[in-house]
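Listed below are the structures to be examined.
Here come two complexes built around chain A, the first alongside chain B, the second alongside chain C.
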Partner chain A sequence: MTLRRFARLSVVSTLLMLVARDARAQDPRLRGALDVETLARVTRFTDSARAESLPTDPLVGVALEGAQRRAPGARIARAVQEYLGALRGARVALGVEASAPEIVSGAGVLLAGVPADVLKRMRAGNPHRSLTVPLVVLADLVARGVPKDTASRAIETVARGNAKDDDFTALRRLVEQDIGAGASPATATMLRARSLNGVVPPDPVAPAPAVRRP
Partner chain B sequence: MTDHDSELLFARAGAALRAPHPRDAAEIEALVRRVGAAPVVHVMPARAWLPWWVGIAAAGVAFVIGLGVGRTGGARTTVASTGGRPTLVSQVASIGGGEQSIAFVFVAPAARKVSLVGDFNGWDASATPLQRTDGRNTWSIAVRLPPGRHVYAFVIDGATWVADPQAPLAPEQWFGQRNSVIVIPEDRRS
Partner chain C sequence: MSILSCRNGLVALLAVGAAQPVAAQQVWAPFIGLSSAPTGPLSPASSSLILAPGARLETSRASVLAQWGTTFEQSTPRFDNADLSARTTLTRSPRFESALTASGQYDRGYLIGGASSNAKARIQVGSTSPARGLQLGVGVDSWRSSTSSIAAPATTLSAWIRRFGLSFSAEVSGRQIGIERNPGDTGFVTVDSARLRQMLASGQSVDSMPLTRIYSSPGIRNFGEGRFRVSGAIMSIGIDGEAGSTLATGGGSRTFGSLILTRWLTPSFALTGGVILQPTVPGVAQRRGALLGIRLANGPRLLPRLINAPKPAAATCSVRYGDADATVEVEAPGASHVEISGDFTRWRPVILERKSGDRWAATAAITPGVHHVVVRVDGGEWAPPPGLPQAVDLYEGTVGVIVAPERPLTPQH
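Moving on to the complex of A and B:
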């Protein structure tokens, strides 16, 4: 074998190895759904997530949703990158022990604009219970127009009262009903949170009523 | 009123609000009346470990209204109006180990095709078509989902994406439109 042939063979082998490695790293669900450039960018993000032990399925899901909605590749990659950042932030705030659904729900809360401190407080106050449903409900309230601080305070208050997931589900449903009936999102949330818990959290929309002391 | 009185008052109010909401009861009755006129829609395969199916069958409707998906099982049915189309979206979760069967029911009289898209099927509008029931307005399908948070939407006629207006909204809005969220309870935080 001549030196020239050997060099050519080496180059081809190296290229094949690189292609094979990339193919292994790529999520098979993404192949065919994204253009080559977007696929490469998204794969870098999912690789990072995997290396950091963050859930990768939500990132793949966003990419596939974008592809199905025929979003431009750059937009898909940006969404995945932003989501990865939110997942990182949620894991930091919720702690390394947080489950994947908690991290994903926490990321949703951060993407809704709620500060990471809220997640930290919720975890500190509820170290042993799953926060998935409370976080989903918190994000939903914000998405429905409840001010972030009001929604956060309400969920934190209800969570402090040993509420079950059903209580959070009920809170969301009742607030939604009230908003549909014409109540302001903030007022509906605070009133329902108080009622569910029997606790009076600080009210951001009105001064706290004076308590008459005997 | 003393602090103690206030606490009692709030405790009573809380207990009252935890009880079935009168408006819910009215909605349930109205819903059952509406649905009663339609043929029975079997939204889930019959399972021996779902004793409340007996109640559903006896009622002659396939919709169960409950207090939401919970660890011990439950059901949720929501009524909504989207884009001028009256819709009825129902999710029934059966609790077992691991995956759970969720029924999605959608009433869309004018639709020619309805499908379910979500992170569980790669958002593929052709992967999970809902079946029209007896040529009427109701579309349904049962899907097995693993525990966790799932994001989904309905696609009408292959073009119009519709979130479930009564389900929790996903805050992320990557591509201009919100989706819905369903949470399948986890066993425990790992």
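Moving on to the complex of A and C:
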């Protein structure tokens, strides 16, 4: 084999390896759903997440959702980047031992505008229990118009009482019912949270003027 | 009588739809139709090509449907007709709502008098239940032709009931109009189509065509319109039918109707066919014909008409978990079809199967963890399933959240 042929083979092999590596890194679910440039940007984010041991499926889900909604590529990439930032923030706040579902639900809380300190306090107060459901319920309360600090205090109050996941689910359902009946989201949340902890009797919440979401 | 042997000609219809959500709470569904139809009562045996694009926009509060037709006669395009209808909710409480409905039609016209248009607007008040209800509307009806224009206050009583995936609705409206002696009032004259054809065949000028006034004496006339509609789907066959009659004191009634069936062979491909009898307003030549063709859709199967009633929506939603999948159950009273979409379906719509009554269900593979999901009823807006936790979506909306456990658990509400 001549030196020239060897050099040519080396170049071709290197190129093939690079292409193969790119093909491995790209999530097959994203192929065909995104344009080449967006796919490359999203792949960089999922690669970063994988390297940091963060869950990648939610990032792929965000990209696919954007593609299904016909969002522009730049918008999709921005959404994925924003979600990756939230995942990182949740992992930092919840600790390196946090499970993937906890990190994802924690990211949902951060994206809802709740400060990371709330997650830190919840982890500190509940070092051994899963916070997935409490965090999902916290994000839900904020999405329904409960002020962030009110919702955070309520969830922390319930969590301090050794509540089970079913208690948080019940809290969410009751608050939803009360809001539907005309109660203020903040009032409904605080009263239901306190009644769950036995601070006040579980009286039905009196209807109050509803507070519109901003 | 089969559609193919319809005396008035075979109509081929091709409708291509490409629907896409604009934001989380909106659905924008443009479509285009290609058809062949009888040219008009003057020459029922000949057909012309009709290009009919349109669009439907659905938001959480409003629906807008716009369609227009362009006829190609000897390769010359000619704007032929247009329809625009809209319905928006003004105020809403748990039991009552007020809504604004508006519709307008333009028709180039085939006979003497040329183009004509009509518009209707109503403010309605009534019940909010999509399953059954009643609404009373008051507003204005108007007509305009090249020689006259009329506007009159009008009232409408509409009722609906939804059963077996079908929406049955009835609408009765009335108005009072003062008729004056105006020979050019094309809204209240008629012609003898057979005699007109004879005149055309013998080369006579159409201008000499005698007009027959529907009303021989001036005075106040009462007009009424009754309309019955059925829309929905049974066993994957979409049904959209309408029949009605316009009535007037002193004569001049007309009947109208249409029935279009759509059989979805795949989620995006359907055969469609039906019959149609037009028009719905006096002064416009009557047309009869049949439709036969295909429909392609890349999105919600929106009905070709707006239903003048509150939209069906999901009432409750629950999730049952299996070893590696989840069954999503949705209760949607009066719904014709229900879809879910989520990260576990790669955000592709999955059509739920009707289980019993108003209950719908679908099973999909799901991994343990937190997942996002939205639901859509009858091609309306995507919304977080009621009963599930909600979360802020990164595309300006709200989604439902489900937490799939590591192992099977009891149903989550």
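Operating definition for what follows: the second predicted complex is superposed on the first by the 184 of 214 C-alpha atoms of A that agree within 3 Å, B and C clash if a C-alpha of one lies under 4 Å from a C-alpha of the other, contacts with A are read in each partner's own complex, and residues count from 1 in each chain.
The rule is simple: a residue touches a chain if its C-beta (ideal position, glycine included) is under 8 Å from a C-beta of that chain, and two chains touch if they have at least 3 such contacts.
Here the structure is a predicted model, which means the values were calculated and not measured.
Engineer: Once both complexes are superposed via chain A, do chain B and chain C end up clashing or fitting?
Structural biologist: Partners clash after overlay.
Engineer: Contacts for A:98 in the overlay, against chain B (first) and chain C (second): which applies, first, second, both or neither?
Structural biologist: first
Engineer: Tell me the contact category for A:195 with respect to chain B and chain C: first, second, both or neither.
Structural biologist: first
Engineer: Which partner, chain B or chain C, is in contact with more residues of chain A?
Structural biologist: Counting residues of chain A touched by each partner, the higher count goes to B.
Engineer: Now for A:79: first (chain B), second (chain C), both, or neither, which partner does it touch?
Structural biologist: A:79: touches chain B and chain C.
Engineer: So, does A:29 touch the first partner chain B, the second partner chain C, both, or neither?
Structural biologist: Both partners, chain B and chain C.
Engineer: Using the superposition described at the top, list the residues of chain A that contact chain B and also contact chain C.
Structural biologist: Comparing the two interfaces on chain A, one with chain B and one with chain C, the shared residues are 29, 57-58, 61-62, 64-69, 71, 75, 79, 83, 100-101, 104-105, 108, 111-112, 132-133, 136-137, 139-140, 142-144, 169, 172-173, 176.
Engineer: For a test of understanding, state which residues of chain B touch chain A in their complex under the given definition.
Structural biologist: Answer in residue numbers: 1-3, 6-7, 10-11, 13-14, 16-18, 21, 23, 67-71, 74, 76, 117, 119, 122-125, 147-149, 151, 161, 166, 168-172, 174-175, 178-179, 181, 183, 185-186, 188-190.
Engineer: Can you name the residues of chain A that touch chain C in the complex?
Structural biologist: 29, 55, 57-58, 60-62, 64-71, 75, 79, 82-83, 100-101, 104-105, 108, 111-112, 132-133, 136-137, 139-140, 142-144, 169, 172-173, 176
Engineer: Across the complex, what residues on chain C touch chain A?
Structural biologist: 20-21, 23-24, 341, 343, 346-348, 367-372, 387, 389-395, 398, 401, 403, 412-413
Engineer: Can you check the complex and tell me which residues of chain A touch chain B?
Structural biologist: The touching residues are 29, 33, 57-58, 61-62, 64-69, 71, 75, 79, 83, 97-102, 104-105, 107-109, 111-112, 128-130, 132-133, 136-137, 139-140, 142-144, 164-167, 169-170, 172-174, 176-177, 192, 194-200, 211-214.
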